[in-house]
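Note that the chains take the letters A, B, C, D and E in the order they are written out, and that residue 1 is the start of every chain.
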Amino acid sequence: QTPVEVQFFYPVAVGGPITKTIDDFAAAFTKEHPAIKVTPIYAGSYQESIVKALTAHKSGTPPVTSVLLSTDMFTLIDEDAVVPFDNFVKTPQDKAWLGSFYPAFMQNSQAGGKTWGIPFQRSTVVMYWNKDLFKQAGLDPHQAPATWAELKAAATKLTQKDASGKVSTWGVQIPSSGFPYWLFQTLSTTNGALLANEAGTAVKFDDPKVIEALQYWVDLGKAGIHPPGVVEWGTTPKDFFEKKAAIIFTTTGNLTNIKKNAKFDFGVGMIPGNVRKGSPTGGGNFYIFKKSSPAQQQAAFEFIQWITQPERAAQWSIDTGYVAVSQAAYNTPSLKAYGKDFPAALVARDQLPASVAELSTHDNQRVTKALNDGLQAALTGNKSPAQAMKEAQMEADRILRAYK
Amino acid sequence: MLLPALVLLLAFTHWPIVSTLVDSFFSTPKGARASVWVGLDNYAVMVADPVFWKAMRNNLWFAGVTIPLSISLALVMALWVNERMLGRAFLRMAYFTPTVLPMIAVANIWLFFYTPQYGLLEQISAALGLPSHNWLGSPSTALGAVTLVAVWKEAGFFMIFYLAALQSQNPSLREAAAIEGASRWTFFWRVQWPLLMPTTVFVLVNAFINGFRMVDHLFVLTRGGPDNASTLLLFYLYEVGFSFWDTAYAAAITVVLVSILVGMALLQFFVLDRKVHYQ
Amino acid sequence: MSLPVNTHSAPQRLAFNEPGWLDTLAAWLLALLWMLPLLYAVWTAFHPAEFATRLELAAPLTLDNFRRAWLAAPFARYFFNTTLLVAMILAAQLLLATLAAYAFARYHFRGRNLAFALVLVQLMVMPDILLVENYKTMATVGLIDSLPAIGLPYFASAFAIFLLRQTFMSIPKELDDAARVEGASALQTLWRVYVPLAKPVYTAFALVSVSFHWNNFLWPLIVTNSVNARPLTVGLQIFSSVDQGIDWSIITAATLLSSAPLLIAFLLFQRQFVQSFMRAGIK
Amino acid sequence: MSAIELVGVSKSWGSSTALEAINLRIEQGTFCVLLGPSGCGKSSTLRIMAGLESASTGRVLMDGRDITQVSPAQRGMAMVFQNYALFPHLSVADNITFGLSVRKTPAAEITRRLKETAALLGLSSLLARRPSQLSGGQQQRVALGRALVAQAKVCLMDEPLSNLDAQLRQDMRRELRDIQRQLGLTVVYVTHDQSEAMSMADQVVLLNRGRIEQVGTPRDLYTQPASTFAARFVGTPPMNLLTLEQGRIAGSEIAIPLDAAILGVRPEAIHLHPGGLPAVVQSLEYLGADLLLHCHIGNQSLRVRLDGQHHAAAGDQVRLHWSPAEAHGFDSAGQRIHTHHSPASTPS
Amino acid sequence: MSAIELVGVSKSWGSSTALEAINLRIEQGTFCVLLGPSGCGKSSTLRIMAGLESASTGRVLMDGRDITQVSPAQRGMAMVFQNYALFPHLSVADNITFGLSVRKTPAAEITRRLKETAALLGLSSLLARRPSQLSGGQQQRVALGRALVAQAKVCLMDEPLSNLDAQLRQDMRRELRDIQRQLGLTVVYVTHDQSEAMSMADQVVLLNRGRIEQVGTPRDLYTQPASTFAARFVGTPPMNLLTLEQGRIAGSEIAIPLDAAILGVRPEAIHLHPGGLPAVVQSLEYLGADLLLHCHIGNQSLRVRLDGQHHAAAGDQVRLHWSPAEAHGFDSAGQRIHTHHSPASTPS
């Protein structure tokens, strides 16, 4: 009997040998379940993966399952591309499994009372700092800035210039390419603003608190302690290794990468707060595609259950730095030991209670592009934060009108 | 004999052109919602869409710079390697190499050149004591940066056409001009250049098409950013069509692109071609 | 313009034919500038990652970047796909264009001018521009994510038809007559007289086509989903996806890997290439 | 029975007429030359015989059989094209055997015939070369080889020697004639070079503007030109044609006892003779063996061919003489007036 | 004073030598023809005069001034190229005035000279056309116009008529000569066509393999060829050269009273005469005015030019005679032996 084939698209948005980890999981699963053959297909960045998956869906041959941004949920529902997991959850064990995930991750996984995505490659934004540079700047290397004010003060001290007055090390660096809105959420959230409603039908980009948060980001640049213009997401870890940036904001998914490549002692901390603490969750969920056969869907479900078991989740977290998706995973001996040895690995999880959902709406690509464009316009000085956000709001309203 | 080719052309060129036009008058089907006749709505959206206009302006700028720059460089290169010059074979190869390299691949290398702080341009400008600059991250330079890559990629390709044309020019024309007392410069302006006119038109048309087709490097360098500062029509079309899945709006944008290209074709056919053939 | 000082030296042309040393210098500078990306790629790919952004002459050489790149993505498969794709497209283009060009060049039939005008449309509006509609067509016929889907829109190449028609028309009618007097049929004449005579044009076109399709990106990006059909360019782009953080060494190694066949072919055949271009009279 | 016969063949291109109702018989085994100025319809006639062009009206017969509708491949004629039309990409051997291989002749047979033909034409050592590596004369022989190897009875040749230099052309003429005789071929040969026609033909067909002007042996054409066109076209330098007005050479008082509108005298038939007609030398052309004088009588000019050892200068007064037998008369329409006996053979 | 003088000019291309130490004087106002077979160095010589090629050794003088180092533009010579080298994108008028406008001649002056030149060459009605719209002869005249309009004293021409058809070539020869005389130009004219050289030149320079074989008037070359090369190269049909063995024509018993290794007799100097030497006719060539007999004496072949009215057939026995004055003797190296008086003018 030929095994059921489960094609599976996945993205990579961080450094490190993610592909190998996934391939190993798939191989192990197939070994345990000879009736199912899981074929992982690396599909590029998150952006490219959703394009691929939807393209495949439209042509009638989607992958059986995919890891895509949790925020793509509404888009996938609107395109009638995915099925809810509730269809497969039958036994009490299944129900228990569905209830085992951190609630923070479920915010972007459920809509209309159904579960559309299963958390897997999940993250929050965290702050990495270079302890050596802290020491050089006369700062306490063990004490990360905890507020906006402290961050700005520390960054000012950390910024170094060479003889010609050119900056050789930036105090702080928050990337603004790829998904600037997500990194911006570290600022808007801590400033007490939520960008979208739960139904994904309305956004509040022009909230004064949002504008204020953006103003803070812009001001970091104006103060000469944050690189000007748009900062590449991809090169940010490299900038950190090269000591071109003393503090960076990036996903916890980069943790293992940074651990391996940083040739200096570094710290990992929660995002500095302002009116509150907080950071958006991020990363990818599993989805099951509608146009595959029931047998394939069932097989995919089994695979998803298998890969999110605590031991696997723990392994995944250790290999990458992503947050293990359930409390149970943190109770496994391996992750316990790892966390003890390397407390930085727990920071993202500890930040979860303060976390908010990543911006997700209907027609998500378009709405987030509107915000991204606005953010970039403000960061590059083309528009004032207020004007940029007002225009983004208008554009988003226009797009979302159809979903009201 | 003609049939197979014509069928394929009809299927992948003419039919799509027609159906694009038709689609642009309908709405995008989504999930359960079927598409309906919306008249000029998609065009109305386009007129009101600042990103479209930005892409259009960028594209005109991109084409307006790439075309003359790559053609004049191509001409200069061809004139050089047409003569008996030290290392001519190497020069030809050097100029032509960009043509055979995949744009998507070399864009990664250019990305390094443009990278802030430790990129090649930065290292050079640091060595010269110039201020540092975020080439791809600033709206003022992003478009220029991607344009430069296009010029680099195109010039060598066009050079080959000029070279072929120069080599087929009668060598005694040069001697006749010398006897008549013409300097190299006079010879170029009064003889070579006018005789290269048909080639220039051919190259011009190609450069024009490429000016609206070359977007591969954007995928690596800027993805149209920052704030659409470097987005081009075809790239925007890709985003609208395959990222936003608004196929009806994408059809409207396609109609605009096709009109630009067909307009150019007609211009070439009726105006330029008439004026440049001597034989 | 200066004249050669020594007329008793080895024979040489007079100054009116020679570029000055200023030209030579400028030409070389421009050439180095043009080579810079490639030079950088070679530098980075053959040195350890630490030297990716630093030029130190003492840096050790290594092939490790190539090894890592090769292992990091299914490049073997990508190579296979691309090779197959390029060969398939070229074969189809040559076959279809040869037949069509012969019909246009040597037969008078009703609607010939209209048909030719229809062909010319594609010179301007290449399939790349029509990707949304062509994607729909491919989806309808269920070809998405296959090599034929990438190739089909390019099979009938207006450029090839145009070029070959020009060439065929420039072949003396008398050769055609001679073949017919000798008893050859139309197809025999095409195959035994026209095709061999148009060889430089075929070569030039083949090189343009191969390098175009080897490097083509946008359309394959759209119609492929999986490794099975993914060509090198798309594979490379996904591989070097900036989101992952950029490892220049491995990316340049992969870049060199994927452009190597064309680059080497060009280096080996550059003479023939330029010459066939010239003989093809593409101008 | 004649090898080829054209019956009322005409050819028009759109509104312009290239050939007007040509009737022509070419006997088997003869060397027939179609002669005429550029554009007179020589190639058209030949191509209609070959089947490469279809006649607008009329029929083409071969050995009495109507072949008007037969395709070129099936007529079994061989043809040598003006510029040889050798296939530049094929070796000499492949050029020669092209037709045989297209017609699927057995390989052994091909080899045998190739060897024979190459030997006949002295091409044996050149078989591996490309046409571009051959001299003009060698190319010409290859073209001939390609025509001969098929062993067709009829061979058509369209100005095959026009691209060769003088010396080579001279040699090839002889060679061609020899081969034609040796193989007993019927050759139809097109040229616009009258000296070629004269030195090669059994029968010359002189064409003018799509019509046949005169048909005959070279000697007929030279000694009995049927019209001023033929008189002017054949011979270098051509026959002098002097307009007569009321029995006098126009512009002079010199009476000519000839009832014609135009008097024709060949330059070599004129001698210096004290009793001759007075003329003035305008200019001279020294050609080594000959000296050409350009003279005026009245307002008519004429050329006189003298021995190269003569000396003369422009402005000299000379006296010219020719025998009455050398005087040709033409009417005002340019047609020959048959009043004088001629020392040449009678017309065929 | 001579217009142009070459002193010990040689030219090598890498290891091959195109010219070997040429010494040559060309007098002002004369028409000098460089004649020789293909590859003998005619073009090289001309191009060295023009400054388009530099001599490997030697000097070029113009009116006594050394111009070896002067650029082509500054030599002030005009040149007509073999393929005309007309600028295809310029009108006839612009082609002609190209040099004037490059040299910034005032517009009024340009117009005036253009008008004159065009009138002289009969191009006035063609001034607005492009070269591609002209016939070969017209193109040739434009090229000439471009050379003449500059009013250079020296005009160099490289086979300017070789692309024209026979009739046109004939006419152009005369026209060229007339213009040269009229303007008093010094013309250096390259051709490989001996009849062109004979009919046009004041002075013929016969080149062979990069050396000067003979310099002289056309009559000199024809009547007193300095070598067998010159004898064979000048005249159609060329001089018969018979090898003598021990005073007899090789392969025969016929004794010739000439102390030479080779006997040269021109075909037109031979007559049929009952007392002549016995020979056998091999083949004939009828040319209208002339009849050429190809005969054998011993194992030597020779051509005889007879009047066209003669009749003969292959295989005929004939008796050939020539006057002793017509016999040219050459030594075994092919050099003329000056023992016989000649009826021709004395060498210059």
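Going forward, a residue touches a chain if its C-beta (ideal position, glycine included) is under 8 Å from a C-beta of that chain, and two chains touch if they have at least 3 such contacts.
Just so you know, these numbers come straight off a predicted model, no measurement behind them.
Participant: Check every other chain and keep only those touching both chain A and chain C; list them.
Facilitator: Per touch definition, common to chain A and chain C: B.
Participant: Compute the shortest path length in steps from chain A to chain D over the network of touching chains.
Facilitator: When the steps are counted carefully, the minimum from chain A to chain D is 2.
Participant: To the nearest 5 degrees, please report the angle of the rotation taking chain D's Cα atoms onto chain E.
Facilitator: An angle of 180 degrees brings one copy onto the other.
Participant: Could you tell me which chain's Cα centre is nearest to the average position of every protein Cα atom shown?
Facilitator: C
Participant: More contacting C-beta pairs: A-B or B-C?
Facilitator: If we tally the contacting C-beta pairs, B-C comes out ahead.
Participant: Please identify which chain has its centre, taken as the mean of its CA atoms, farthest from the centre of chain D.
Facilitator: A
Participant: If you average the Cα atoms of chain A and of chain B to get two centres, how far apart are those centres in Å?
Facilitator: Result: the chain centres lie 36 Å from each other.
Participant: Per the centroid of Cα atoms for each chain, what is the distance between chain B and chain E, given in Å?
Facilitator: A distance of 57 Å separates the two centres.
Participant: How many angstrom lie between the centres of chain C and chain D, each centre taken as the mean Cα position?
Facilitator: 53
Participant: Please report how many Å separate the Cα centroid of chain B from that of chain D, as a whole number.
Facilitator: Going by mean C-alpha positions, chain B sits 60 Å from chain D.
Participant: Counting only residues that touch at least two other chains, what does the list for chain B look like?
Facilitator: Within chain B, the residues that touch at least two other chains are 118, 178, 242.
Participant: Of all the residues in chain C, which ones touch at least 2 other chains?
Facilitator: 1, 13, 16, 53, 135, 222, 237, 242, 246
Participant: In chain E, which residues are in touch with two or more of the other chains?
Facilitator: Correct list: 52, 71-73.
Participant: Provide the residue numbers of chain D that touch chain E in the complex, in ascending order.
Facilitator: Going by the criterion above, the answer is residues 166, 170, 173-174, 193-195, 198-199, 218-219, 222, 234-236, 266-268, 283, 285-290, 305, 307-309, 343-344.
Participant: Would you pull the chain E residues touching chain B in the complex into a rising list?
Facilitator: Going through chain E, the ones touching chain B are 50, 52, 71-74, 77-79, 81-83, 85, 87-89, 98-99, 102-103, 130, 132, 146, 150.
Participant: Show which residues of chain C lie in contact with chain A when the two form their complex.
Facilitator: 53, 72-73, 135, 138-139, 142, 144-145, 222-223, 225-227, 237-238, 241-247
Participant: Under the stated contact criterion, what part of chain B meets chain C in this complex?
Facilitator: 1-2, 4-17, 19-20, 23, 73, 76-77, 80-81, 83-87, 89-106, 108-113, 118-120, 123, 152, 155-156, 160-161, 163-165, 167-168, 174, 178, 183-184, 198-199, 202, 205, 209, 212-213, 215-216, 219-220, 234, 237-238, 241-242, 247, 250-251, 254, 257-258, 261-262, 264-265
Participant: In the complex formed with chain E, which residues of chain B make contact?
Facilitator: 170, 172-173, 175-182, 186, 190-191, 194-195, 197, 278-279
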